[in-house]
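One chain, chain A, links the two complexes that follow: it is found with chain B in the first and with chain C in the second.
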Partner chain A sequence: MSDLTYETLVALLVEKFEVLPELIRPGVTFADLEVDSLFLVELLLVVEREVQAAIPDDAINAQDTLERAVDIVREHVATAGTR
Partner chain B sequence: MTAPGSQPEIAVTGIGLVTSAGIGVQASWQGVCAGISTARRDPNLAGLPVDISCTVPGFDPGRHVGRRSSLIHDRFVQLAVTAAREAVADAGLDPHTWDGARVGIVIGCGVGGVATGEAQLRTSLESGPRAVSALLIPMMVPNMVAGHLGIELRATGPNLVTATACASGATAIGTAMQLLGDRSCDVVVAGGSEAAVTPLITTGFAQMGALSTKTDDPAAASRPFDAARDGFVIAEGSGILVLERASDARARRAGIRATIAGFGASADAHHMTTPDPDGKGARQALLTALARAGVAPDEVEHVNAHGTSTPLNDAAEGRMLRAVLGDRAAVTSTKGVVGHALGAAGAIEAAFTALALQTGTIPPTANLEALDPGIDLDVVAKEPRRRPIEVAVSNSFGFGGQNAVLVLTRA
Partner chain C sequence: MTRSAHLAGIGSFLPSCRVPNAQLAARMDTSDEWIRTRTGIRQRYFAEPGTTTSDLAAEAGARAMKSAGLAEVGAVVLATTTPDRPCPATAPVVAAKLGLAGCPAFDVQAVCTGFVYALATACGLLAMGCVDTVLVIGAETFSTILNPADRATSVIFGDGAGAMVLRSGHTAGNGAVGPFDLGSDGTGRDLITVRAGGAEQRRSGLAPAPGDEYFSMAGREVFRQAVEHMAQSARAVLGHVGWQAGDVDWLACHQANLRILVRLADVLGIPEARVLANIAEVGNTSAASIPLAIDQAYQAGRFKAGDRLLLSAFGGGLTWGSTVLTWPDLTHP
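Moving on to the complex of A and B:
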């Protein structure tokens, strides 16, 4: 298992989901980036592989900011690690 | 028996094409008039018994469709979006200003997003169900091509996909004519799209014995009506037409490429895949289309045949055409150049037929060296034939015995 960093999330969004880099800031939401619920499911699949831990499909929604999403993933990784 | 009702004359005001002869109407039409087959060995089919196809050269989803297209669209949707944009621009219409509620979308598709399906099956087998994409279903289902065009073109009128196998594109155009005839719509964006040149689908057609096995000479493999034909070459592509009632098109002074005067549909009710040997179903569809167009059989000057290059189709279609139309019509099969694009074929060929009427040019049938002695027709070979044409027919016949015939006239 490993933590998700903000930089890794940004790289995933740009490389795999074709989000325009100039739109990306920590406080921007997925909805602002036109990452809808179907894309979020895809994103979580990629994030799971990245951090080697299970993240529930509903852990993150389109209204969450990127910053918040990184925290949520870290919480899941930490919980999985103490199990 | 009741005679079929008449249909209002329908104008083709816009055409968009994406074929193995090129992206766009100009490249596709030039390629088909050059009469040289586009079939070649396909690296995606390497190692299979039949490894040749006609695919669209130089198609780049990011450039031709847009950012994220490769994430959300299967290729059959990408090809349709590209062709539809060209068709709507060609018609001089603008989705930002038209009344979208009066615009319908009818697209023929025989197979759908199988490339996505095959890739996700591999993912599922290799990495388990958790790894399967949430976009699998929206990318794969065949109706999504019309759904996406509705979004793309801001068209909120009737929106559907027709599936009559290799007749799907022609069935879509016929269905669009009905939506215009009963005034459900003022504009219908109609056509077909297919991108099913995958290892599994190609193998499936090969196992049926439907494909040419001339894999050592791909460019000679698709040879409609030729004595040495042995099957079709699988192709991908999209043909999209913008259709309006001719009276409306004239009122807005639109450029009219050709008019569609009649449509006939029928079923062989004979066998799952073999055409009726007497061509009864096909004949019924042709006679219905001619009656609706108010055209006598001996007035037909040009036929864009279904002409798949399979021994059975071309023999049965040839006999049927000779029996119904006599020997006056100049027949061609553009599948010699662009192969058989399945559910898109009928729409691509309707577009070629419209262009033949508009330009007075009948493209040649590629690879026609020696006409099958059992086929007594004037099949255009080698060079395009230039002469004014008033009335033309485009035939499409699908597995399942589903037949669709369009009668087009010069505008």
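Moving on to the complex of A and C:
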């Protein structure tokens, strides 16, 4: 298992999901990025590979900021690590 | 195994009624852009009134037999979610339509994984020496079970058929099919289902709830499970055959959703240029999708003998399965 950093999440969004870098700024939410309902499912599949830990489908929602999403993933990685 | 299965012929068939996204947008709350961005689908084909699964299956089967240069086969195995009737199976009707009197024929039901299961079943018949050739067909008239009020599923599925003729052989090499990885998880049956019409609903003593006679699917959960199970199954079969992801010339997966295909290729480390994708033109044709996608790519001249294909599918059940195929030198176009 490994942690997710904000920089890694941004890199995934830009490289794998073609999110425009200029849209990414502090406090931006997934809803602000105008992604659709399937996007978060796809993102979690990619993030799970990155951190090598399972994250439930509903862990992140469209109203979460990118910073909040990083925290949520870290919490799941930490919990999985102490199981 | 001393006997192995080889691909001897392939064919496919689409019904005549082409339905572009705009036609669906005219009768339900959706749009061409909504459908394209979420699924990659631009159009699908629906069977005209009076045309059933056995009609599509027989036409694809006839084309595959012609491609194999055969007038007869030893058995017919049909994968379908939409049989002509709940009872009996549709394969005997298909065999009769093809003039295959007395030929063993039966259906395999594994929803969108059906064709991979049917291929495995056919390989078993060949390996046991029951027959020397098997016509394996995936055919659907999925339009007959779509809920017109459910835009999420109505825009995804289409009708069609694809077929392969397998012949027994004693060596590996070009044309060889297998090994296989197959699996299921019945605890997930509610994710992809037609709730009414079977023993469960009939024995309940209750009339079907509105909409229960139609197909339903939990899209987001299915998306995730599809990618995870196909990736796991594909890796297992690559391990069995001793190939790396880089050895795969073509990823021939069930055409469920373009975004699933892209994500699966990414997870497996297979470049998108090697992914067979015809979903934009035909939609999700369930059990027909793999042979239909492979036949269209073959007809377009995309394969050369010796190309390595990785086949993988996920569907209701839940079910999943994968196999590999080395493209043969097909001499009968």
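The criterion applied here is as follows: the second predicted complex is superposed on the first by the 83 of 83 C-alpha atoms of A that agree within 3 Å, B and C clash if a C-alpha of one lies under 4 Å from a C-alpha of the other, contacts with A are read in each partner's own complex, and residues count from 1 in each chain.
Quick note on the criterion: a contact is a pair of C-beta atoms (placed from the backbone, for glycine too) under 8 Å apart; a residue touches a chain by one contact, two chains touch by 3 or more.
Keep in mind that what you see is a predicted model, and the values were worked out from it rather than measured.
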| item | value |
| --- | --- |
| First, second, both or neither for A:L38, with chain B first and chain C second | both |
| First, second, both or neither for A:A78, with chain B first and chain C second | neither |
| Chain B versus chain C as contact partner of A:E18, first or second or both or neither | first |
| Common ground on chain A, meaning residues reached by chain C in one complex and by chain B in the other | 38, 41-42, 45 |
| Complex contacts: residues of chain A adjacent to chain B | 17-18, 20, 38-39, 41-42, 45, 48 |
| Chain B residues within the chain A interface of the complex | 67-68, 71, 130-131, 133-135, 138 |
| Residues on chain C engaged by chain A in the complex (per definition of touch) | 37-38, 219-221, 223-224, 227-228, 259, 263, 266-267 |
| Complex contacts: residues of chain A adjacent to chain C | 16, 36-38, 41-42, 44-46, 49, 57 |
